[in-house]
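Presented below are the structures under discussion, each in the form of structure tokens.
Two complexes, one shared chain (chain A), two partners (chain B, chain C).
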Partner chain A sequence: MECTVRSQTGFDLLELGGEVDLQFSHKLRETILGSLKTGNPLLIDMAKVSYIDSSGIASLVEGFQTAKTSKLQYGLLNISNAAMQVLTLTRLDKIFDLHSSTDQFKQKLQ
Partner chain B sequence: MTGNTPTTNAITIRDLVVDYGPRRILNGINLDVPHGQIMVIMGQSGAGKSTLLRCILGLKKPTSGSIQMLGTDIATASRKEIYKARKQIGVAFQGGALFSSMSVAENIQLALHEHTDLDEKTIQIMTRIKLDMVNLLEAENLMPSELSGGMAKRAALARAIIMDPKLLFFDEPSSGLDPSTAAELDQLILTLKKGMGITIVVVTHELDSIFKIADHIAVMKDGNLILTGTPQEIIDSTNPEIQGMLNRKPRETIVDTDAHLRRLTGDF
Partner chain C sequence: MTAAQKLLVFQFPACAEQMGCLRQKLREALAPCGQSDTVVNNMVLAVSEACTNIIQHAYGQSDKGDIVLEVEWQNGKPGCNVTGSLVFRLTDFARHKTCAEEMRSRPLDEIRPGGLGCHIINEVMDEVVLRDRESGKGNVLELRKRL
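Coming up: the complex of A and B.
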């Protein structure tokens, strides 16, 4: 799993890649929660995610809840078809803020 | 992907023989279960279906033959290797009851506490995701004794998929359920296959279910696999044993209208 936060103007971009599973999801969780602590909006780019299991999804959900409580924008970018199927199965596609471009997310920040 | 080894099967069984004392229970079984599909094993009581499952799960050492499951040779693997392979599989067995002293949620998250060091919050959300999948979110804090039969089956299913298994085994999932609850369970099994890409092996003799969920059917009789094929191939089989098994149910529940028309008219 790759999990890197890059600071952008007005928000943090988390680039997620590879297999997000039981072994690595705690790292994802720490990264998301750590980034939200800085008080910046967070956009998670999932373009390079080849597999995400429900522990990874759970970390995304916890991040979303934390962002909401802190009134921070929290978006997911470039969801793969496979990940989308898992989100749909758990009805999370209706809950998450899904984006297909960084600009789309930036507009929300205004 | 390694060399020329075919990786398209989740399970490959060759010449599997099981004896209990002097009795031969499985008599040279060959079976391939392709990745991401649903294999139904059917056959009368005593045919050897549960024994076959127990061998695949590494719970019963075969007398001879080989079983490859997710790349592990189960028949020759060490206990440690079997243990590792088993983390990738989920099992919902006949009589595999929930622990009566634990709530539904506690039952479901047992494996996460046992096998992972995930944060408690992550475990809680994962549990709720799985409860939501099986439509049981409101039963989280109930005790098993407070569940209906259908709810208990769904809870057992949530427990079986808590670790996101690549392979899911079901022994007689709809036994003892009324038809509409059984149909709900079938739907759920199909959803899991589609949404999570899980390979699923179901042992059942409920014909309604079989023809709703199966991609492939393996028919067992007296320790032998007498036929494997798609549902259509099973329906079209002229094997009198197979026809006997199919016709024990009211015909309209098993007849595919096109196939039936073809059978009646004798042409295509």
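Coming up: the complex of A and C.
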């Protein structure tokens, strides 16, 4: 799993890639919650996610809830087919704020 | 494929580090079935979720052991509108007796982390049967996907 946070103007971008499963989901959770602690909105780029299981999805949901409580924008960007398949199965595609470009997310920040 | 054909028998230690290897073995075993990527991905995900449940809940923190995954193709009965079924049988040797309640899906309108694995298994598979091992400790989970 690759999981890197890059600071952008007005928000943090988390680039997520590879296989997100039980072995790595705790690292994803720590990264998401650590980023949200800084008080910045968070956008998670999921274009390179080749596999994600329910433990990875749980980390994304925890981030979603934390952001909501902290009144921070939180979105998912460029979701790969593999990840979208799991979001659809769990009906979370209707819950998360999904984006196809960073500009779309930036508009929500204004 | 013949009437009943064993596609894979794989025994591995029940730990998170093994899950990548499990998925690879499973994909290789399912390749001759000629199913779409979506169907294969869903089955791999569901079996992986079942293994995760065994690691986290059957063995948990205080127990250690293996999981045996058997994959079998079974032809459909004559007159039946399905070609056949893939059966995924997961055997563990844990002290904990898994009960049917633990395999139930939770309501998806509760937006909270956790508890989605059983929903995925039940959504992807056509039959989920849990039973005790016939001899000794452990559980057998049988997942069936009709194709």
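We adopt the following convention: the second predicted complex is superposed on the first by the 110 of 110 C-alpha atoms of A that agree within 3 Å, B and C clash if a C-alpha of one lies under 4 Å from a C-alpha of the other, contacts with A are read in each partner's own complex, and residues count from 1 in each chain.
As a working rule, a residue touches a chain if its C-beta (ideal position, glycine included) is under 8 Å from a C-beta of that chain, and two chains touch if they have at least 3 such contacts.
These numbers come from a predicted model, not from an experiment.
Superposition of the two complexes onto chain A shows a clash between chain B and chain C. Touch criterion met: A:E62 reaches chain B and chain C at once.
Residue contacts after overlaying the shared chain place A:E19 against chain C, while chain B stays out of touching range.
In the superposed model, A:D97 makes contact with neither chain B nor chain C. When both complexes are overlaid on chain A, the residue A:L89 reaches chain B and chain C alike. Within the superposed three-chain model, A:S54 lies in touch with chain B and with chain C [touch as defined at top]. On chain A, the patch touched by chain B and the patch touched by chain C overlap at residues 21-22, 53-55, 57-59, 61-62, 82, 85-86, 89-91.
Looking at the complex, you find that chain C touches chain A at residues 16-17, 19-20, 23, 38, 41-42, 45, 48-49, 52, 55-56, 108, 111-114, 116-117, 119-120, 123-124.
In the complex of the two chains, the chain A residues touching chain B come out as 21-22, 25-26, 29, 53-55, 57-59, 61-62, 82, 85-86, 88-91. Those residues of chain B that touch chain A in the complex are listed here as 116-119, 121-123, 125-126, 129-130, 132-133, 163-164, 191, 194-197.
Touching chain C in their complex are the following residues of chain A: 19, 21-23, 51, 53-55, 57-59, 61-62, 64-65, 82, 85-86, 89-91, 95.
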